[in-house]
Amino acid sequence: ASEEPETTTDEATPSEEPAGESEDFKVSMVTDVGGIDDKSFNQSAWEGLSAFGQEKGLEEGTDYRYLQSATMDDFESNLRTLVREESDLVWGIGFLMEDAVRTIAEQNEDGQLAIVDTVVLDAEGNPYENIANVTFKEHEGSFLVGVIAGLQTEGNKVGFIGGVESELIKKFENGFKAGVKAVNPDAEILTQYAESFNDATRGQQIANNMYGQGADIIYHAAGGAGNGLFTEAINRARNGEAVWAIGVDRDQHEEGLYGEESVTLTSMVKRVDTAVYLVSERTMNGDFPGGEILEYGLEEDAVGIAPTTDNVTEEALAAVEDYKAQIQAGEISVPQTDDEYEEYLSSL
Amino acid sequence: MSYVIEMNNIRKEFPGIVANDNITLQVKKGEIHALLGENGAGKSTLMNVLFGLYQPEKGEIVVRGDKVKITDPNVANRLGIGMVHQHFMLVGKFTVTENIILGSEPKKFGMVNIKKAAKEVEAISDRYGLKVDPYAKIEDISVGMQQRVEILKTLYRGADILIFDEPTAVLTPQEIQELISIMKTLVAEGKSIILITHKLKEIMSVCDRCTVIRRGKGIGTVDISETDVDSLAAMMVGREVNFKVEKTPAEPKEVVLSVKDLTVKGSRGVNAVNNLNIEMKAGEIIGLAGVEGNGQTEFIEAITGLRKADSGTVTLKGQDITNLMPRKVTESGVGHIPEDRHKHGLVLDFAIGENIVLQTYYQQPFSKNGILNYPEIYKKARHLIEDFDVRTPSEYTEARALSGGNQQKAIIAREVDRSPDFLIAAQPTRGLDVGAIESIHKRLIQERDKGKAVLLMSLELDEVLNVSDRIAVMYEGEIVAIVDAKSTNEQELGLMMAGGKKQKEGEAQ
Amino acid sequence: MIEKLLPKGRLLSLVVPLIAISLGGIIGAIIMLISGYNPILGYSALIKGIFGDTYYMGETIRSMTPLILAGLAVAFAFRTGLLNIGVEGQLIIGWLASVYVGIALELPKVIHLPVAILAGALAGALWGFIPGLLKARFHVHEVIVTIMMNYIALYTANAIIRAYLFVPGERTDSINETASLASPLLQSLTDYSRLHYGFIVALLGCVIMWFILWRTSKGYELRAVGFNQHASQYAGMNVGRNIVLSMVISGGFAGVAGAMEGLGTYGYMSILSGFSGVGFDGIAVALLGANSAVGVALASFLFGGLQVGALNMQSQAGVPTELVDIVIALIIFFVASSYIIRWVINRVKKEDV
Amino acid sequence: MDIMQILALVIPSAIYLAAPLILTALGGLFSERSGVVNIGLEGLMVMGAFTGIVITLTLEGMGVGGASTWIAMLVAIVIGALFSLFHAVASISFRADQIVSGVALNFLAVGLCVFLVRLFYNKGQTDYIQNRVYRFDVPVLSDIPIIGPLFFSSAYITSYIAILLAVIVYFIVFYTPFGLRLRSVGEHPMAADTMGINVNKMRYIGVMLSGAFAGLGGAVFAVTFSGNFSATTILGQGFMALAALIFGKWHPLGAMGAALFFGLAQALSITGQQIPLLANVPSVYLLIAPYVLTILALAGFVGRAEGPKAIGKPYVKGSR
């Protein structure tokens, strides 16, 4: 079976690499406990890896594959299994894998690892030569959906629901708030964390409170707890209330569907797939970005708004394009932390 | 054939034991038929077979001339067989009526028609003079009352063959008299009764015939009119039994325990013991007589630290032990054979050996620096098992697996062995056969003769009269009389227990 | 041969669990077959993932470590008639406390490490003390209180980490080397598994539990209270105090389980977005091990082994790890139903005769 | 926010949060009243949630539309009852320790459901259902001042069903022959046996009813709140239901009250973070408040809870 894809592989390989190497190329990933169908970054990463594999004519299960972690305990074992199978590139998906990736990288200096959403540093604060660090400018994407929210809110009140508070989720929050304020300085922004990425009822109750207080658009970065946001928004929309939800990570149009319509205003997509694809391709071409800290943002189309834009006004779409250009041009520096946000506010 | 019940050649095995080995029992219509045998002889087992709780390995059952298979209690009920079990089969949280109608409830719109049921219960209870409150909760009524509920259960179902398994073991003399008259009414109506009891006098007074079994085997059936107590006992045990308790007159010495103005609240918040005063001396057995529920239990619990005394003092050999923790009470020299051996007396899941050190496990030589010394514990156990003739496969056997009589012997061994100055024996022979009773009485007297004070609480007037030196009668939380055991009799005691004579008379010394 | 040995009961109590395990495995195989996986491939991968090489064995033992202690915690309380569903919370608090001591103190290893473990034990004990006290004092059912205490532990630990111990990566700093159970030696012996010295602590835990229960007079009391509170009170034991003590010791074991994670496997504590699950597995481990020290150790091996092996089964045979959960459930089912297995064995024996 | 606004947020959400807990606790009540401990409520809810979602998705695929969720809930009742046989057979017929078999059931439920999701959909969690149970304002009643907005507005019909069922269960358990027999079996099985009641049959019924109710509880949770099924859809709700059952002293209305109390406490803790007065209170205090409140309530006024007497012990004919 291993000979079969040989020809296609050769054709598909754009580079001048010797055929032998690409044929042997193995890439794999370890998912977080969510698994490859978490409708979030694990799924997206696997989509990227699958697309890469298929395009390069690799065989699923042998040349490109994933291992799922049942608990946090499994990260290290899984990473290790893959490194020991001589995978040419092993992905750890999610910042929770930071320590596991570090350990494995230290134990296997020949191994090539990549991690998503965080930067792995050694004791001296330097990156490891055998780890590629892939991060995203979620704040930039969040800024854009903030712009939409700021423009489309009718009551001048919007909300943000976070999962469990962390540096990463703060990027979503502050980017979003900055976007809202950029277009609508008077808008009030409610924020609350669900203290869970799973509990839909908490998400729903928070959304209920926010909508109840007059917020009409809520953005979430809360994983499964965010399901509750859509539940609440649909309930209210069906009763004739004009409320919206903004999805995260991928196009969450589906979650918002009720009948023919969707309460999903738009979503902030984070193209983990793109990043995974790009880095895998570089590695296959012999250009493993070990020791680098890659930041994917608007530039690479790795963050942005979802393709489904049915519910977004023309005006808002235009504004999004405008701000996108400004950010890319460096005219706006989108805040990531609370402090940066304060600074940003005072600069407005 | 005038037999209503014939159990022919019944065999019932339990793992490792043949409980019923080819037993035959024939009961005539309208008679009271006694079933007699030592503890563990197989009486309850035989009756459970008749009632459909157990399936026999062999043998046939004929009811009113028809051969039947009694596969479960429902079948028994349909055949008109009702059973009052040795251990009551009552749900404590249910009312009298609920217990009676359980399983065949009158309905109205799919709901239990409790009103109608209660009326019926009242009607039956009036008819047989049972006097129960249909709405009372089982856990709130006396044991005697509970037994009437058991009887009502069978009558409600229209039973005309009634099995009574040791019904009198837990009753007061008055209640026994009432039960006997109830049984006579039932028989007069044409019902038949099988009565299991260890009390030979009862058999002599109410039964028509008696079947005796020993170690699972049928010994024979005799007409009561043609036999007497001694030959019944001999038939049952296989040897002569000495009923007269052998003892010398007491030689009371110094006061060991003195109780002054003791007042104790019962579980329901009212005073169960009221200003009680008593003194007990070394070298005597004081019998505590009284109708159940007159504060005897609370009195004993207060002495032993299991219940808080509200006022008054308890002094043991000059030391105030009022409201001490149970451990301190024990350590100051009180032994206690508890009324309920399964609840208080034993940890049934522990080995007999472990139960033997239930109060002393933390002391030398059983423990040293908090570490148990098992060899010592089991050595002690072996010693006591032999000394007190506890029949158990070994000292490692779980207490649960012993018969009631042997469990009781183990408890007595434990309490007596600690050599307490003051020994409380609460209902020490309840439910035991004559052989076991004999040996327990001997032990109590031995303790007295060693110069200990013994408090014997019993509902059994016979026992109180035979074993005690003085008898204290308790009524409504007070000691209403203290009499010399030799100079009183059952009638007089019964009267005092019913509150008949308030003034203290016949006080010894 | 078996005929001769069976009546002795000892062999039977060994044979029954083996039959139960086999039955669980067989049904698991049938499920694999039905759903299109190759059971032989699956199980050989599973077994290789447990015993396959030193690395896997190291991982199995590592994953057993907290399971044993969590199992001991549940079993200990059970012996006194208490159902401690709060092992999870006690573990979290123990984890936090041990990591805190590991970070905050600077001591020589011989002192620091025991102190850190002890801190975990004390914190877990405190978490067990509360439901114990409420049970003894107010007769509040320990099941509810321990469930509630789990959530309180989770949120409190997260808040404390955020407020006082936070470093980037959503976690605390790493503990000082002097408080670490990690062992380069063990790691190198097991081909870089995360095996740490915690397994010694866990085995010691088994011995301690056995010793307390069966060799001390306090253990005698605890067991007596577990079986019959009335008789214990009659015998002069303080029932309430024993209930509290039992929960405290139980919580202590759970806290040490947390310390094993904090000082051994991880070396820090993360902000938890949910329960670790070890505490709940502990319930199964304890009951599977019949609440005895040896039983808990064996059950942990079964549990830990299967969970570690499941990863290999996934990666080599493609069988989802959930299958192992199913097999574990079935094994527990059959072990618990050993009455019926014994019954069948007796039947078979009778027919042979 | 003024007080009315807060109440209007908190009380309706307390009521709707309580629904799955009430249903599941009622299930636990049937089982435990018959003498069988049911720590497997969690697993039964998982099964219910799984069934609710999978059936809804399937029916939607067949074009059934709005009725899908309701049919799915009915199917979840049946599947829950069937699945509970695992616990029943082990603990009643095979005399397994009831806690052990409940724990086994929890493991089995999560493992099996996720395994089946993988088998059916080739992924670890399902898609979202399109038809859910939605909130509505009860006609007429919701217009009553004060009471209307609090108790009859933005309510789920499932909440009213749950409350109604609690009342019905109360009548069944305390006023019907079935209830009397069920309780007798949990209190004193041997007594029940001598009265011709088939103890094991009653216990099977009790456990299967617990499966039915917990299955419904899980399904209600899934089709109202989460909208899809994954391994983390049911996380501890079954244990909370068990707590509600004990808190409510094994009484249907007590369990309902306890579930409502939990709902209220959680709603307050979440809403509390939006109340300006409490804005400066560290959020952890509000997060743990529901659990601390429960413990205080138990210690303060509820106190001793005694379960059915014979609970936890398999019934063996003739043993004592």
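Should a chain be cited, it is by its letter among A, B, C and D, assigned in written order, with residues numbered from 1 in that chain.
The criterion applied here is as follows: a residue touches a chain if its C-beta (ideal position, glycine included) is under 8 Å from a C-beta of that chain, and two chains touch if they have at least 3 such contacts.
By chain, with names taken from UniProt: B = Simple sugar transport system ATP-binding protein; C = Simple sugar transport system permease protein; D = Nucleoside ABC transporter membrane protein.
Values in this document were obtained by computation on a predicted structure and should not be read as measured data.
*Asks:* Once you find the CA centre of subunit B and the CA centre of subunit C, what distance in Å lies between them?
*Replies:* 46
*Asks:* Just give me the whole-number Å value for how far the CA centre of subunit A lies from that of subunit C.
*Replies:* Centres of subunit A and subunit C (C-alpha means) sit 36 Å apart.
*Asks:* Which integer distance in Å separates the CA centroid of subunit A from that of subunit B?
*Replies:* Between these chains, centre-to-centre, one finds 76 Å.
*Asks:* Between subunit B and subunit D, what's the gap in Å when you average each chain's C-alpha atoms?
*Replies:* Each chain's C-alpha centroid was found; their separation is 45 Å.
*Asks:* Would you pick out the residues of subunit C that each touch at least 2 other chains?
*Replies:* In subunit C, residues 155, 158, 274, 320 touch at least two other chains, as defined above.
*Asks:* In subunit D, what residues contact two or more other chains?
*Replies:* Within subunit D, residues 232, 235, 283, 287 contact more than one other chain.
*Asks:* Two or more other chains in contact with one residue: find those residues in subunit B.
*Replies:* Touching at least two other chains: none.
*Asks:* Mapping chain-to-chain touches, which pattern fits: line, ring, star, complete or other?
*Replies:* other
*Asks:* Taking the top-of-page definition of touch, could you list the pairs of chains it picks out?
*Replies:* Per the contact definition above, the touching pairs are A-C, A-D, B-C, B-D, C-D.
*Asks:* Quick one: which bits of subunit A touch subunit D in the complex? Just the residue numbers, please.
*Replies:* Interface residues on subunit A, with respect to subunit D: 34-39, 68, 190, 192-193, 195, 198-202, 204-206, 208-210, 212-213, 224, 227-228, 230-231, 234-235, 238-239, 254-255, 257-258.
*Asks:* Could you please specify the touching residues of subunit C with respect to subunit D in the complex?
*Replies:* Contact set of subunit C toward subunit D: 31, 35, 83, 85, 130, 134, 137-141, 143-145, 147-149, 151-152, 155-156, 158-159, 163, 274-275, 280, 283-284, 287-288, 320, 322-326, 328-330, 332-333, 335-340.
*Asks:* Of all residues in subunit A, which touch subunit C in the complex?
*Replies:* On the subunit A side, the touching residues are 61, 65, 67-68, 70-74, 76-78, 80-82, 95-96, 98-99, 107, 118, 163-167, 195-198.
*Asks:* In the complex, go through subunit B and note every residue touching subunit D.
*Replies:* Within the complex, subunit B contacts subunit D at residues 48, 51, 53-54, 72-74, 77, 83, 85, 87-94, 98-99, 101-105, 107, 110-112, 153.
*Asks:* If we count contacts the way the header does, which residues on subunit C are in touch with subunit B in the complex?
*Replies:* 214-221, 223-224, 227-228, 230-238
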